[in-house]
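Across the two complexes that follow, chain A remains constant while its partner is chain B and subsequently chain C.
Take a look at the complex of A and B:
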């Protein structure tokens, strides 16, 4: 989509006359055309001398529009795509994977929500290390300067089961596979995600298995509130961008969110009602400080009952 | 001459038969079963998140794509095509295939039991295998009746609607089944983004503002035009948020407030052109009452348009939506 002028080169029928006709109806871009009724436009060509050519132009625009939406797929094609391309990525933590029947699902946006020190970042590190060691590239978008290579080293040693000084090869491989971006506001996040989208689209062979945004709420929460809609618009845009990346390039997406006090003092996930529509999977983490055990509970899942939970340890 | 005119064209019975054939009433599964819905109805399923809205759509989809019967087994489906416009971009096809498989297995099990009761010899191992093979055929057949597209912004939504007519026309030529169910998962998905657009500069006074208002001023006529050519039932979900203040006041005002919380206190944000386009509206929400079931969340469904003064309860399990009596 874009300006009609830019289509002039490619399509002979979209000429100066046609552009003038469109401009007289206030249509300058494909988006403008979309909010107009085609029948009314066709009818309005009738009084004009070059009506036939204008109608051809309108038809040309309609066939351009057919390429402007995602293709229709039937249930079988979708299921096949899911089986072939969207696998589960193990987090390296057995009980966590068991709860999710295999781990983080490619194509899904998984949200980890929990109060501070409930293990959100640690789960991100663990998943990042495991995927980087065994499966492929990880993009780690860090908004709190919490990314720690030494911690990755520890986890890699733990997963591979050998002493820290003997894992050089594996460690290098894992470190090379993790791409870390420090991001401190929503515009920088959008920028990183857009560039990633472009790179995934244009560079054949470039593949990412896992994208982690830790934490997404610290980037979004500051722009919400007040009476302006811009903050919410940006939040929802980020949500769609994440879902598009996950589905189109078969990437597992993990975002973390903090918790705030709700009605009656109980804690609830931050970012409010409109954000609820973004993640496919919502997992709540908590820590039992006395026993140093972490717990994870399913709050929402496309095909698993909510409320199921599991305990896990962090190495 | 005048007599001929008075005689009429068809009897009431003939007319009813014709109308029901052209515009059949669809008996949809729980919780949409209270009101007969036909093509050209625009049904809005309203509820906060989570309230099993997408699940309802998927269960309706399963009932639609299943045939009435297949190889002598009753599946009780409607054998219609389903078009699913996913504006939330969150559907996992696995859920649909899982429910469909469970529904097929269940129907086969019932069929075997009735067969046994009638004294017919139960199939041996070979036909059992044959049975599974047939089930795959049936499954494939059903899944093909489900069409899906996702829209990442309101322009993709508009583009999909504008050219949907071509797709349906093509399909009508290849297979005969005329009736479709059009599902839109979360009609309000782009509310915030479109609100952001409305403050963009216009440059030209002629140019339409790309606001929520003008998007729906196009969406509604586009669907209307589609319905004229292709009789369809439209099911749309809409996520709503409660107004904290009023729900609190109705909570404080006493016991009878439960209906109040349901009826009036969610925030209506859709443009009036969409609101007046909706012909049926049902409200779903999670119940606060956890007495009956320890683990499962119980949901309540209540018709707002037409207003029925009763509330159905249901839970969501692996097999789909289960009613509570």
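Take a look at the complex of A and C:
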């Protein structure tokens, strides 16, 4: 909510005296006030001459804060919201959609995890092409220089299945629906996500259906670990921003993550335990090089059994 | 001043905040909630220095919106810093809110590009030929600019040869279908042989003469033969002796390429060498490597240069057998956009596309001749010495 000063004009009770009193307790913003113990604050007004007015100010602040939380919903309303606003986006790959009972869920953060060249980026391309052709806008955040418009062109042509000369109109429209950002550090990612959030909030007519971050792990890996606690804080902050975007604006979010060697040489998803609870759905991809078949397995899903798997092909 | 801390959230930053929080009393109350609050603090997400963030937070400016309406002089007074520094902070902050004023533009967020525009752009992009037609064919015309390509293989397969060939080929003028660029060659192992580079350059310049004889007979008279020595002049060679030097050089490259805009390829031979020794802390190695990978990606994208990383191989044990894999581990395998593996198949050298977002995996034979990398022909097949 920002600085207390910004409330000064709207509310007469929050005057210079009150601000000074708050500043003496290290309170400069509404957030500061929230984490401060109200009772000690009230008690400390007693020694001051204008204690009544200060207490009024505190009450005023508390009532402002009360109006700030999100409205409550009951289970029925939540279910209604699910049915109406949170649809499934088809990935354009039949067995993949079957496994996920419809595809990528709006409001969910879906993580694709797998070793190098296991098809993560290809699944992203396919989902992006399919959504851009049939449903709406896609934002592709690329941290690995792997976004290939030529490949998107091929996939769009494959999905539409029409002849070369007819496809041009569909192709142009689909490709204009995909916006690509190249980001090479976590601040740039946060900046893009933040701008998206503001944009979605301020423009009611605009709708993004799918956001892809390929890959999240290459942005976080350079800052995670060691004695650097800020890297961890940034990672958590990205995670929450992704979840917020997905939920508030009914967007399907896809992130890709790589794998690292765990205990006993088995591979496990990177980024550790605190990232683990960010994605709602975690899917592991692998490639059978000999047969050129890709496999997907559910590692985590809010309401489906983990361990189910499917094979799919990449056109 | 702002930018030097931009990509370096070093370990000192978190201490920077707590030190600048002011009195100890306040600090002890804030300490436990800081991690939880990190996600609510928008200013923490701005690429500002730790001390600037600290000052903003302790003065109550936690959201970007709170910075939008304030006058610079007032802010300078409150933060007790110079007005020029405040202007820099406000400029950084306004990048975040700029989009509201440019709401009519088509792209959603500042700096985005639609896939359609990228496709148009990509179609005009010239690739760097490898001088081997078969290899060029599977690569869709050669090594792609704007991308990071990793090339790995066993010792003696021709990695350095390919590296030198690319450093020469990038200079083929645009009249001949090339890029007319320059090359940066970063040598970590000391394997760059200038005599060999001269040989390859001579062969390349001969080929160019032949080309102009064949296809442009009319203008042949006014063509001045490009001297092989000119090729050598346009290869910027850096010798790197430790991993710290390597990181420092890669940090410096951005500045170097800004000054030498015609650099079109950066070759690192090999990216692995210094990282395969003297490392106890493997977590540190992973961090350094992934940071380096991002910087190289950024370089490739922003300046439209091709980044070519040569890598060594290692044996890896899985499924009960040993097989060859590229060095530096699983996290590094994500560092490159494309990956090409060079290997022996009988007596012939083969290149195999192991990873690429846009190309099919395929393999093609090639050979290393006196002239450099060339098509593999059955009559000049080299005998592999064992």
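Convention: the second predicted complex is superposed on the first by the 304 of 315 C-alpha atoms of A that agree within 3 Å, B and C clash if a C-alpha of one lies under 4 Å from a C-alpha of the other, contacts with A are read in each partner's own complex, and residues count from 1 in each chain.
Keep in mind that, in the parts below, contacts are C-beta pairs under 8 Å (C-beta built on N, C-alpha and C of every residue); 3 or more make two chains touch, one makes a residue touch a chain.
This one's a predicted model, so the numbers in the text were calculated from it and none came from an experiment.
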Partner chain(s) touched by A:187 [first = chain B, second = chain C, both, neither]: second
Which superposed partner A:79 touches (first chain B, second chain C, both, neither): first
Touched partner set for A:233, first chain B, second chain C, both or neither: both
Per-residue contact with chain A, leading partner among chain C and chain B: C
First, second, both or neither for A:68, with chain B first and chain C second: first
Touching both chain B and chain C, residues of chain A: 1, 26, 28, 31-32, 35-36, 229-230, 233-234, 236-237, 240
Contacting residues of chain A [partner chain B, same complex]: 1, 23-28, 30-32, 34-39, 62, 65-66, 68-76, 78-79, 82, 107-108, 229-230, 232-237, 240, 243-244, 247, 263, 273-274, 276-277, 280, 300, 302-303, 305-307
Chain B residues touching chain A - in the complex, by the definition given at the top: 48-50, 65, 88-98, 140, 142-153, 155-160, 162-163, 166-167, 186, 189-190, 192-193, 195-196, 199, 203-204, 206-208, 210, 214-215, 217-218, 221, 225, 239, 241, 244, 248, 295-297, 316-318
Residues of chain C that touch chain A when the two form their complex: 6-7, 9-11, 13-14, 22-23, 25-26, 29-30, 33, 35, 37-42, 44-47, 58-66, 95-97, 99-100, 103, 107-116, 118-119, 122, 146-148, 283-284, 286-288, 290-291, 293-295, 297-298, 300-301, 317-318, 329-331, 333-335, 337, 339, 354-355, 357-358
Contact set on chain A toward chain C in their complex: 1-6, 26, 28-29, 31-32, 35-36, 115-117, 121-122, 125, 132, 137, 139-140, 143-153, 172, 175-182, 184-185, 187, 190-192, 194-196, 198-199, 202-203, 206, 208, 215, 217-219, 221-231, 233-234, 236-237, 240-241, 258-261, 265, 267, 270
